[in-house]
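Lettered A, B and C in written order, each chain numbered from 1.
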């Protein structure tokens, strides 16, 4: 267990976690076993590789910020320069790389990877195994089912990043793939397993490979309501 | 390493594992490095969040049961109220949440997540990265290929659970998605990458997105036999 | 932390890693927190299960080889009999099983699983969550997007291994599935989410479920170039 003298830990560490650099853990937050907060970026690690240690990392890390009332479950790694708001939860073995920003009340499921330089709004429900690459922007109140994958390279392999944008209230079904550069409109819904290659207009439901419109969100919500009220 | 005084450990701990609450580790079982057995549920952790520690968890945990002759590989986390039979193996970094029941001889591959309240029978072969949500019921002698995903919400996002049922001897190909509420019949076979939106009758082979019947299991078994006996 | 007396560690251990058996860590390599190098095979672990410990593993392990200038990130597990060349990087919680061979300059992303008896050439870019089973052969300069899955059983479930072969310069899109026994030709390209059931000739671009040819790699490269030079 390594806790930086530069860190400001107001929350609780359940067991054997590491906090590097001037990281901040807010009041009422819980840091799980084996969590690392403030892990340095690849660029910095390479610079000091010949004398790497958590002591050396501590000196070069800019730290990460974890707000109040968060639960960071065992095995999660949060890189330096990540900023988490309040009442955020992560599952087990989540990876949040540098420059990840997450708004209040969002949950990030077990084994999900937020691969850095991603903006995520408030009250999102990101399930197990979701992959979100650099350049992605998420609004608020979004549902992402298990193992949804977002991409950011329209003509791979290249180094041009074309981020996906997902707007408020959208819902993405299990294991769907969102192709680089598209926009998922407000309240849009993507079916499980869909491969989404084009923009999805607000309030539209798409399914299939490649994904095509099947109904409006309004109609879907009626069907959902009927289903939920069935005995 | 934290071993509860309330735990009954007849097996072997290879290195630095944690056993919480009145957990039972049966004769001849092996607990890998970094494994946690008896981790408390979210509800309980939240209740004691301000004074969370493995000592505190130990007091509130109901423990988990690991039978005889099991191998629980490094990094696996087993929540309280999970019950594992005999001769079960997990891969690395598996997550078994509360209320998971697993029968004798079943293997659960590396990075698989059994998300709690799941009944799994005997001698199943669950490969790497499989996701199984609450409400799922698996029979016995089932094969689930790598990264198969099961869902439990027919009209996401909602809170109504419609569990998938998979019957004895079924085989689900790599990365297939099973939509909430369906039944995969006895001996049915699902092709790799399929998206299964409806019940699959016993002894039927389905492939595609959405999955459609292509042959009987009998015919498939003949083809398999021909293939296996080719030089 | 357990460092074998038989190991030859010329690199740096950042924090609390374990090196078993006559493993070799080359000059300028960095071993991350919680990494295990030289973990014994299933067969050997079972033989000594009743007295398993890292001390006992150390005696039976054949060790693994990590070349010079590598970065092995926290949580990665490398089994005995794995051989890594120089300047290789792994992400977090990668699993490299026994008999894995990886050539110089290859990167293996976070949560990827190389399930043993796999030959991987030089300068490949394997992204997050990729699954590669026994019998797979990769050339060099290959791109594998996030969560690509390769299979090795043409008629599952069986025990006959039909490895996939991927030739130099191929690129496989995010979450594609490659069916057992196929060959992805030199410079071929597979679209995101595709399910590839047949050989892909060199220089061909395929997309869809099942994957079909849509253009030549030459044409694709022209489109890519146009896209990259757009303002």
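The definition used in the following text is that a contact is a pair of C-beta atoms (placed from the backbone, for glycine too) under 8 Å apart; a residue touches a chain by one contact, two chains touch by 3 or more.
Only a predicted model underlies this, so the values are computations on that prediction, with no experimental measurement involved.
Student: Applying the touch definition from the top, give me the chains sitting in contact with each of chain B and chain C.
Tutor: Per touch definition, common to chain B and chain C: A.
Student: Overlay chain A and chain B by their C-alpha atoms and let me know the rotation angle in degrees, rounded to the nearest 5.
Tutor: 120
Student: Call it same or different for chain A and chain C: same when shared residue numbers make up over half of all numbers used at their interface.
Tutor: Homomeric contact, different residues on each side for the most part.
Student: Indicate the whole-number Å distance between the mean C-alpha point of chain A and the mean C-alpha point of chain C.
Tutor: 24
Student: If you look at chain C, which of its residues touch at least two other chains?
Tutor: In chain C, the residues touching two or more other chains are 34, 75, 93, 111, 129, 147, 175, 209.
Student: For the complex, which residues does chain C have touching chain B?
Tutor: The touching residues are 2, 18, 34, 36, 39, 42, 45-46, 49-54, 57, 75, 77, 93, 95, 111, 113, 115, 129, 131, 133, 147, 149, 151, 154-158, 160, 175, 177, 179, 195, 209-210.
Student: Could you please specify the touching residues of chain B with respect to chain C in the complex?
Tutor: Within the complex, chain B contacts chain C at residues 12, 14-15, 28, 30, 33-34, 71, 74-75, 91-93, 110-111, 125, 128-129, 143, 145-147, 171, 173-175, 192-193, 208-209, 220, 223-224, 227-228.
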